[in-house]
Every structure is written in C-alpha cells, then in structure tokens.
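Heads up, the next two complexes both have chain A, just with different partners, chain B and then chain C.
And now, the complex of A and B:
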C-alpha cells in the first residue's frame, strides 16, 4: 500500500513539475559527520551554523531544520531547499558508553533516552524527504546493516539518494570500499570539517535534485 | 553460553508486520540470537529499529542486526523476474536475518563474502579469598 502511495505521489509530482522547495535530509549512523556537513552548507550559503557537533555519539538528538537554503552552481542555476539534519540512526544505545566518555551517570542516562527518541524521530521523518544525503564515516565499515537499511528504505520510497563518504582527510578513509558497498548510487568523498571537495558535493546535489 | 533460535519463514508469514517485529524482538529480549529464514520487508526493518528504541532501558540495550542476502546482480533477467514473483506470492525467503541482543552480540561484520559475529566477553566476578 505504501509503495502505491509513493508511486502515485512521485507520478503526480513529475506530471505537474518538480517541487519548487525541497526537503533535503542528512541521514546516517551516529558520528558520520551529518551536523558538520549541515554546518558547512549553512556557513557557505547563509553565513551561520545550524547544529552543535562533538566527538561523543548522539550529539544531535532532535531534528534540526534550516529553511530556505539557496545554493548556486557555476552555471548560475539555483536550488532552494530546507536542510534537515537528523539524529544518527542506531540499533543500540547504551548509557554506559556515554559514561566511558566521561559523563556522569544521570547525564548519560538522559542522553541515552533522548538519543532513542531521536532515532525514532529520524525514521518517522523519512517519508517527508524529497532527497537524502546519506553521510557515512569513510573510515568505518560501510556494510553495516544500519546503512543498508537506511538506503534500502529510501529506495523503497523512491527518494533520490547521494552517498557522502565523509572524513576523507583521515588516512584510514576508504572511498573504494564505500563505492563497492553502494554500486548503484553516486558517492562523493568529502571532508566536511576541513572543507575538502565540498564543491563536488554541491555539483552532485544539483544533479540529484536540480 | 550463546543461544541461537532458528525461525523458519512460515512461522512469521501470516503475521502482521507489527506482530512479526514483536515476535522477533521478544525472543531477542530473552538474550537469544534469532536466525530468521529470509528477510523482513524494508519497512519492517525500520519498524524493528523503532520498536527497539522504544524498548531500550537499563536492562535492554538494543540489538545487532544483519541481513545476509544474495546479490540481485547474480541472477539473470528471467531468474530475477521469477524470484520477484515468488517473493510477492510467498514472501522473501531468500537469505537469512540475524538479530542478537546488544548485551550479547558486540558486532556483526558483513563483507560481501563472509559474516563475522563477535560476542561480548562475559565478566566473571572474581571472589577474593578471605584471609
């Protein structure tokens, strides 16, 4: 039933032209660099950051939305979208992991509870997205089931996907492995933190939704 | 000791999505590793993650999940079409789904050619001898 609804939604969208204002979601596992990329995009085009970032997983525990982000490419073409930075999707959350990172038990338990709600929220927002960048840490195993489940669900909903292999500034980053894991998708390697190859990311974004 | 429970596909095929997910999760919450014949629908996989998140507490820390599935590219056009019909009629019985409690399974690594399941070390409390 969901498949039919999606099919007709996409059919009518194509029939009456593309939506003028899109929702671009940043999805992925925790600590892949979604918020760092969101901040990079907002800084580049709006001059301000969107989210706080940290090395401790599940820093983003609520959906963050920045309305009306307008980006231009070299040819002067412009796209406008709402940027949606989502909490990282995980299958397990243990407050003791936060304690190991130096948090007090009470804070760690609170963070774990919020993180579980964040994962649920991310999943529920999937249907609202017009396009998604799946942001992966290129130093980590790309074959994790969370990555496969996210990409599979986007495919089932006919949502265009761009895979972003982030943290390419690190020696352990393996772009080839990410490409091999998702052969049917465009993969762009970036370092959101150090502003490497971000223009290439924007060009891919234009091809995805422009 | 690690306990595996095999679930043949026919045990879940007539259940609704919610009941399927709950059945599997209830087994996992008994600290057993589920080996499910075939796979859940893609939406059911996200339902499983959602319900897992709702259930996480002091005792239950979540799950490790892995789906072993033959690559579609391995099939010829006709076989792929035939398999598509079979999946629609009988459900997706190909491959296998592994779901383990995060308190037992540390991680499941999946490369195209192998699956590795790492379990957590069980800490034994050492009793000090009284002097």
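And now, the complex of A and C:
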C-alpha cells in the first residue's frame, strides 16, 4: 500500500508539481539592475515590488524571495516559479566607496560587512537554483572576473542560464559586446527601469524553463 | 611558519602548543606569517589599532554567524576572504565558489579558518 501511495505521489508531483517548485535566481555584479528587474517582474505579474533599489552599490544585502510568481505568454502557456533576488557578487568591497557616495563611516563599514555576507549567501544559494538570469549592466565591460566566474560556475553546475544585458536605455550600452563575451548563451537586452523589451525577456524565460 | 596572536600580538613558532590550545591571553585566532613577510607584517599589524583588530575579529565572527569550534583551532594556507581593515574586504570568488572548501578569512597579513560546518549547507550536498 505504501508503495502505491509513494508511486502516485511521485506521479502527480511530476505531473503537476514540477514547475511550482522552480527557483529562478537573479545573479550578477552589484548595480547591474537585479532588484530593478525583480521589481519589474513582480509589478507585471503580482502588482507589487520586491526589493528596494538605489544607485549606491550593494543595496540588496540579503536574499529576497517572492514565492509563486505566475507568468503567461501570448500563446497562453504558463510558468510558475519562486523569484530569488540575490545580493551583488563582487571581488572587492570597500567602505570608502560608500563614503564617497555620502555615507557616514560607521554606516559604510556596516554596509561593507553586510555586503560581504551577501556575497557568501548568494553563492550558497546557487545550488538551489533551477535556472538563473545573470543580470549585467550593458554599459560596463562584460569581461569581468565576477561575470566570468558566475557564468562558469553555473555551467559547471548544469544550471540553465539567460544573460540579461540591462540598462539598454543608456547610450553607452553595448549589446554586441555582451553577446560576444558569452557566445554560448542567449542574451536579451532590456531596460528594467524603463520597461523596455521586457516581453522579450519573458519569452526567453519560457524557452529556458518552460 | 610563525603565527601571531590576533589579540595580543605574541609570535609563536610553528608547532607551538599555544597555536593548538589557544593563546594564554584567551584568543584563538592567529595570523599566519610567511618568514619573508614577517618584517613587513610587523609593520602592518602595528598600523592597525587595537580597536580595529577587535572590530575585524568581531566582524568576521558575525559574518560567519557562529562562534568557531573553540577546541579545534585550524590554520590553513589559503583564504577566500581577506579583511584588510574594518570595512575593507577582498573576495576570492574562485575559492568561494568551490564546493569542497571551507570559508577562510584572512586578517591583514595573516589568516585563520572559521570551522563551522553547520553554516556550510554546501557540504551537506
């Protein structure tokens, strides 16, 4: 009897449960626009925001999760996932950079410590992800140690990756450079802040996990 | 290789019992010093105030989220995070991403391991 129960539980879990347990992580360097994109997704499908955003790097210093985000495409296909907004991954965190942005020393040091903890947390969560969007600032050089390390480690863990070249509204944004840096991955150019090309991002998401 | 106590600054030779048992001052964290850098490191440590050293120690404990295993101080020759002074961190991402390596913090010119297996979910996988 127990065997039969297990069999049916497993059968129905595979049939209906698989997609609801999907975790989509937003990873990338600080200030790439992960939280802005997370907010855009949540606004579009849930009508509310997820994270606070700021132009000072390392604004997100703790993992933010939004359970049960359901998105639909034009063909009526639906996917459901937990959206995980992660702290930015960096190789150097210096409180003096925050002081330059007008912060007081004590607050800046606290922010640096929390940001360091955030990097560790982001990396710890990586194995729990079913798919990851690496969110990059398209105005910056894509060949950074942070970007290469993140993408390389996702590949090593066989986690599906979608590269998001964000801030495409800015003149300096170079989509071609991002594409050239990661030729083996799908790259979608968006402006999360100004809601540009977000539907294209959703379509790519469907292809990635749908 | 010599080790220097983070709190009181006493230097111990390699294999000294204090490194395993802990320094008589009560601290169990040691800078690990390569001989050729010994002179430089003396200067670097002197440049850090007592408050700064204390702050670094507290910060790292807080980052790890638990007290280290007080019975087993361990010192290794690699680090994933280097704390230059309070609020300044250099992160070695390649090391951090490795699944089978513990989190190792290095303070200024030395280093120490925070051996907290409970905080490493990745080891369980």
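Just so we're on the same page, the second predicted complex is superposed on the first by the 190 of 210 C-alpha atoms of A that agree within 3 Å, B and C clash if a C-alpha of one lies under 4 Å from a C-alpha of the other, contacts with A are read in each partner's own complex, and residues count from 1 in each chain.
The rule is short, and it goes like this: a residue touches a chain if its C-beta (ideal position, glycine included) is under 8 Å from a C-beta of that chain, and two chains touch if they have at least 3 such contacts.
Treat the numbers as computed from the prediction; the structure is a model and nothing was measured.
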Fit-or-clash call for chain B and chain C when the two complexes are aligned on chain A: clash
Touching partner for A:94 - first (chain B), second (chain C), both, neither: both
First, second, both or neither for A:127, with chain B first and chain C second: second
Touched partner set for A:153, first chain B, second chain C, both or neither: both
Contacts of A:143 with chain B and chain C, given as first, second, both or neither: first
Contacts of A:112 with chain B and chain C, given as first, second, both or neither: both
Doubly contacted residues of chain A, that is, touched by chain B and again by chain C: 89-94, 112, 116-117, 119-120, 123-124, 126, 145-146, 149, 153
Contact footprint of chain C on chain A as seen in their complex: 89-96, 105, 108-109, 112-113, 115-117, 119-120, 123-124, 126-127, 145-146, 149, 153
Chain C - residues contacting chain A, complex: 59, 62-63, 81, 86-94, 96-97, 99, 103, 120-122, 125
Contact footprint of chain A on chain B as seen in their complex: 42-43, 45-46, 49-50, 52-54, 56, 61-67, 102, 108-112
Residue ranges of chain A touching chain B (in the complex, touch as defined): 2, 89-94, 112, 116-117, 119-120, 123-124, 126, 141, 143-146, 148-149, 152-153, 155-156, 180
